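Two complexes are shown next, each including subunit A; its partner changes from subunit B in the first to subunit C in the second.
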Partner chain A sequence: MSRTDYSDFLCPIKFCCGKLALETLPAELRVYNARKPLILFSNKAVINGLIDPVKQAFDDSEMVAGIYDGVPESPTLSTIRELSDIYIKNGHDALIAVGSGSVMNLAKVLNIVVSGEPGDLKTCQGEDKITKPLNPFFVVPEASATGLMANGSACIDNFSFTSRYLIPDYLAIDPRIVQQETVGVIIDAAMRALSSSSFAYTLPDTDYFIDPYAYLAIQTICENLIPVIENADSKKGFKDYLIMNDTEKGKMALVTASVIGGFISFCQPAGIVMRLSEALSEYCQLSSGILAGLLLPYGLEYAMLKEGYQTEKLLLALAGPDVYSRTPENERGKSAMGILRDIQDKLFHLTDGYIPRTLAGAGISENQFSEMIERMSQNDEGIDSKGCLSILNHAREGRPVSDI
Partner chain B sequence: MYLPEYCEFLSPVQIASGHHVLEKIPGFLKALNAKRPLILADKGVTAAGLIGIVEDAIKDNVQIGAIDDDVPPDSDLKVVSRLSDVYRKNNCDAIIAVGGGSVLDTAKGLNILVSEDADNLMEFAGANKLKRPLKPFIAIPTTAGTGSELTMAAVIADHDNFIKILFGSRFLLPDIAIIDSRMTLTLPAFFTAATAMDAMTHAVESYICLQKNPLSDAHALSAISLISKNLLNVIRKPDDQEGRLLLAKAATLAGMAFSNSTVGIVHTLGHSVGGVCGVPHGTCMSIFLPYGLEYNYHLVNPFIAELLFPLAGPEVYADTPENKRAEKTIEYIRQLNQDLHDATGGRHARFLSEILNRDGEQMVKKSHFDAIARISIGDGTKFYNPEEIDYDDSMLVLEASWDGRPLNRNLVKKNA
Partner chain C sequence: MGEYKTYRPKRKILKWLYLYVFMWFTGRAIKIAAKVDDEVKKEFDSIPNNFNVALEVLPYGPALVVGKTEDGKVQYLGSSTKDKKIDLRMIVHNIENAMQLFTFQESTAISFMRNRLYLDGEIPYAAAFVRVFDAVEVYLLPKIIAKLAVKRYPAWSLIRKLSGRVKIYLRAGIGV
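Let's turn to the complex of A and B:
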């Protein structure tokens, strides 16, 4: 019998992905008996011209959607107060959040307030304190899809919340909305998702219900990330906008994979790579997603040796059944790690070195490691300091972890 | 990877699985704000001792409102109405359904009546008539096959008017499905084989039919691989608890796949053979599955070829040239049926003429074919099959599956 005999799984989100996904919003609201949604747009979503396509989707619906166009990057409780007044005064009965993580975050907290009593914000703080379903909550993510789209966590000012009831009901991914984004943001989101999915997919005790989501995310990122970046408008460079055309499908797939990655990291405790990359991001200019991509093969090698993570299984998701079947059993894990390093190498070249291949290349010095790990273990008692140091040292020099 | 222009995926039932999950039910009920569940089952479930197991697992920690195991195999409006009286009289506030398709469908209907405080179920017939969540509902499947606990539909008969009424809404779904290995541990070998092949068919058809999408595909591949790796072992070693649990998980994954991407001709024909001749669903599925693949071969053989990997594993996959893989998949499924036939002492039927009832009489006769083919044309599943199914095609498949001959693919009319 396996070690983890018991498993508990729930994915309440309805995924809807592809052409005209926005046009499904009114019908889906009707399923919940909602008639008057309040639609929240971030400032950036407004600049990117996302209001019109979303508005048009309601043209023939006989629904009167309220529009709030200017959720700030860092909303506060007073933003919540303002919005809940609008929601209640105008008789709204559902929320749709359009844009990136900050809007999703705000919408979740707002939904707690408008679905119950104003005092709920205090009583619902912490983990699993919300006891019943909230009002319908839909999200329409931009290309910078982060974990926040599909998870059950939110925080605002000093309040933080975690609950299955904060997970959105409906997620519409539409090509008109994921149109433009910088390459750096796309890579960050994809590598973050690749890391959480790879760890979930190779768990020593397979979780069969997370497996399909993880498999799909890994496969999608591996097939689409490089082609999408290759097709970016190179003249503008990686920091400028990438215009989507023939890579439309690939980019839609990437956004979906990033969203699924966010869901997976909500189901699973953060692995050593995610924790290390969060900490590292404070020591350099790179985002934690990009750092997670860099650390991923080293972290997996370590987890395989230390805890029996099934790295050989990863080859199937990364390279497909043909390569997997042709590769001798005892070389599959190594091959998978080779593919991960290859992706990293290609990103290095495609971004003119912006995405580093090693921690040394990222300008992080060895001297900072122990101080960083020290700080990590102060906040997190379960941290494996020796393991962290080993992963960092190997990733610094670009040397595979072959023993522990 | 196959990427459609547009796709949807939803599987919002919480899945709690393991060898001792029943004991967690009181906690789940509490989280759902429920205190007095009505437990629903059929006589078969009680006879197999499963109600006893459920009762023992929860009775110390929750007040059971009532237990009713009088759900017939072809439940109807009257049964649902009678149960709503039981529910109300006993002040129940939640439903626990233990069983297969019929118990689950009955529970879904019952939940409409008691949640909407209604007497006439017909008011809610059709799609999306429900507008809000119903009462807490926990499903405990006992067959590792049907996947009814994951579908948003319920079929309930109206025996007075000789019709079947369809209900469709996401609010019909249970809140939680409990996958506990004890529920399938004593399932007889031939029944284990048939129900597992039903699950296998859900996964395979969802992978080749028109509504396939990347998420349903990923679930289907996992399901196929798990069934293929565990089914024969469990048949040969029935008390293999871990194998049983993996088969039940596979059936759940297959249910997640097909409840999103639907099924095709194997189910089309299976429903009508079930209706006309009373053959158990799983038996029809095992027999028609290879034919379903042959029938759609000219349209979807690349997808069929991809199934060889989860079915047969990396060695066979690598050893089979790319252009032979689809045929090898079909051959593999036929061989699986043969192995199941051998391992169950011949009780697992390989073709129609081999299906016998309890008295050893043939259940399907050639004279039934006409009626079966006619009814098939009206079955809802036919719309998602890649090739367009008509009367002649159904006859073609029925004739071949009479004695297990492979389908002559040249004779399939190419309508699609």
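Let's turn to the complex of A and C:
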């Protein structure tokens, strides 16, 4: 195994995952000397009934919390202005974001404004322009959380920010919060994390720090995704109200893996699969995470042939040390791809065809590829058009990439 | 657009009352156990005289304060840490964590491991106090429940367990 001769890594988040994780919020806020948090809920979090469990976590604490319910799907600068007025006027000293997607983005940008001057938004734009730590920022992700909330970037209107100070201080994953999601949303988040972790794990030069995180994410997703989807509709028994059942544990494990995947995608540049799936999602009804899962084996095969990615290593994370050691060295890459295709196949059957096995099954025609790749290369000069086309064509027919 | 509201936390009175009664009785039981059980007595011998230990729940209590006097007697000092010299504090982060611990859904060791309670003081004395606490739970609770509350259920003789249990229940109830 070839190891890189240079590596840097930063992960300042404290994770708390499990039963009563929400109840740890007041105690953790006290650690940061915060006494009056502002809790932001996304619209979806309100619909999913997440306000009550979060509110109740503050019962019997001495903290008076501000609650803002219904952060819109596409927040603008005027939302930031309204919320910063609320934050300052009511004397809040910390932020907690509950939900996924836009609420996390908004909370990060809001934290820049309320931790300094409103004018900071212009000066802090770009990479590493934030020069001091911001106010405490906690996140409570839903099962649909992509993991991107754990990274240090945020974007609102045309402002984008990247800084280590945007990374949340504390992340609580509680079974009461992650239970509410649909199967499609869970698969989307898990496949997105699996794609970014698989690419990071099989890099030609193994990274000292990314490697164990990626291994953990891949292993967790492989162990939990199929059982969680199989039992997604099962009713809770009496015992399940007392002790957490395997599906609840599985969902929490998947959210944890998504967070790790999000963190990996912050540390590593997006692989070809993620970029292709983002572009493809504009041409069909499927989300980029689901498409990333579909493209993953083809993208990895291409990366192995073209750039020397260590796909044989992936078998260790996907199937465990027993299978890895009894598989001949030259067969390991092939077996790993077989497992990835097997997962896709099981998802296809479990979701009655909602998760496609090929791009043709997703309703994407061959004619759309060249237009899409052209648009991609306009935004990204480093894109390998020929390679992208090859991956898409193979994924369309469900044919492994064996030559370039 | 969303709506802003202020949420004033409610008190969990029933849970607080349960913990108050549990800790009050356990505190009295610790005092009696130090007289009737040699193992508990030995653990208290390892703690210096004029030394007070508190097990308390944040932020509103209740607490269990036990101390050793100047002449080495073990005393239960009440359910509040206010105006008391405390040498060792074992602090439970919140009432829900305390309920996990004192309804025996988690043992003391598991609670420590899960960061549900933390320590302010010397570790050897805290370890001795946890052993005392475990022994008292073995006396007070039936085996099926006590097994959940302690790290390892001790292999005590039936006579030791029953005679100790009767003495502790009677004397802690009466308060002598």
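Simple rule for what comes next: the second predicted complex is superposed on the first by the 386 of 404 C-alpha atoms of A that agree within 3 Å, B and C clash if a C-alpha of one lies under 4 Å from a C-alpha of the other, contacts with A are read in each partner's own complex, and residues count from 1 in each chain.
Assume a contact is a pair of C-beta atoms (placed from the backbone, for glycine too) under 8 Å apart; a residue touches a chain by one contact, two chains touch by 3 or more.
No experiment lies behind these values; they were computed from the predicted model shown.
Q: With the two complexes superposed on chain A, say which partner A:6 touches: subunit B (first), subunit C (second), both, or neither.
A: Once the two structures are laid over each other on A, A:6 reaches subunit B alone.
Q: Could you let me know whether more residues of subunit A are touched by subunit B or by subunit C?
A: The partner that reaches more residues of subunit A in the superposed model: B.
Q: Looking at A:249, would you say it contacts subunit B, subunit C, both, or neither? Reply first, second, both or neither.
A: first
Q: By the touch definition at the top of the document, which applies to A:288: first (subunit B), second (subunit C), both, or neither?
A: Neither partner.
Q: For A:63, is the partner it touches subunit B (first), subunit C (second), both, or none of the two (neither)?
A: Touch partner of A:63: subunit C, not subunit B.
Q: Is A:20 contacted by the first partner subunit B, the second partner subunit C, both or neither?
A: A:20: touches subunit B and subunit C.
Q: Scan A:86 for contacts with subunit B and subunit C and give back first, second, both or neither.
A: second
Q: With the two structures laid over each other on chain A, which partner does A:33 touch: subunit B (first), subunit C (second), both, or neither?
A: Touch status of A:33: first partner only.
Q: Which parts of subunit A are in contact with subunit B and also with subunit C?
A: Touching subunit B and subunit C on subunit A: residues 18, 20.
Q: Under the touch definition given earlier, write down the residues of subunit B that touch subunit A in their complex.
A: 1, 3-21, 24, 31, 33, 128, 131-133, 170, 214-215, 217-219, 221-222, 226, 241-242, 246, 249-250, 252-253, 256, 306, 309, 314-315, 317-318
Q: Which of the residues in subunit C end up touching subunit A in this complex?
A: For this pair, the touching residues of subunit C are 1-12, 15-16, 58-60, 93-97, 100, 114-115.
Q: Can you tell me which positions in subunit A touch subunit C when the two form their complex?
A: 18, 20, 23-24, 26-27, 41, 43, 55, 58-72, 79, 82, 86, 90
Q: Would you tell me which residues of subunit A are touching subunit B in their complex?
A: Touching subunit B: residues 1-2, 5-21, 30-33, 131-133, 208-209, 211-213, 215-216, 219-220, 223, 249, 252-253, 256, 321-322, 324-326 of subunit A.
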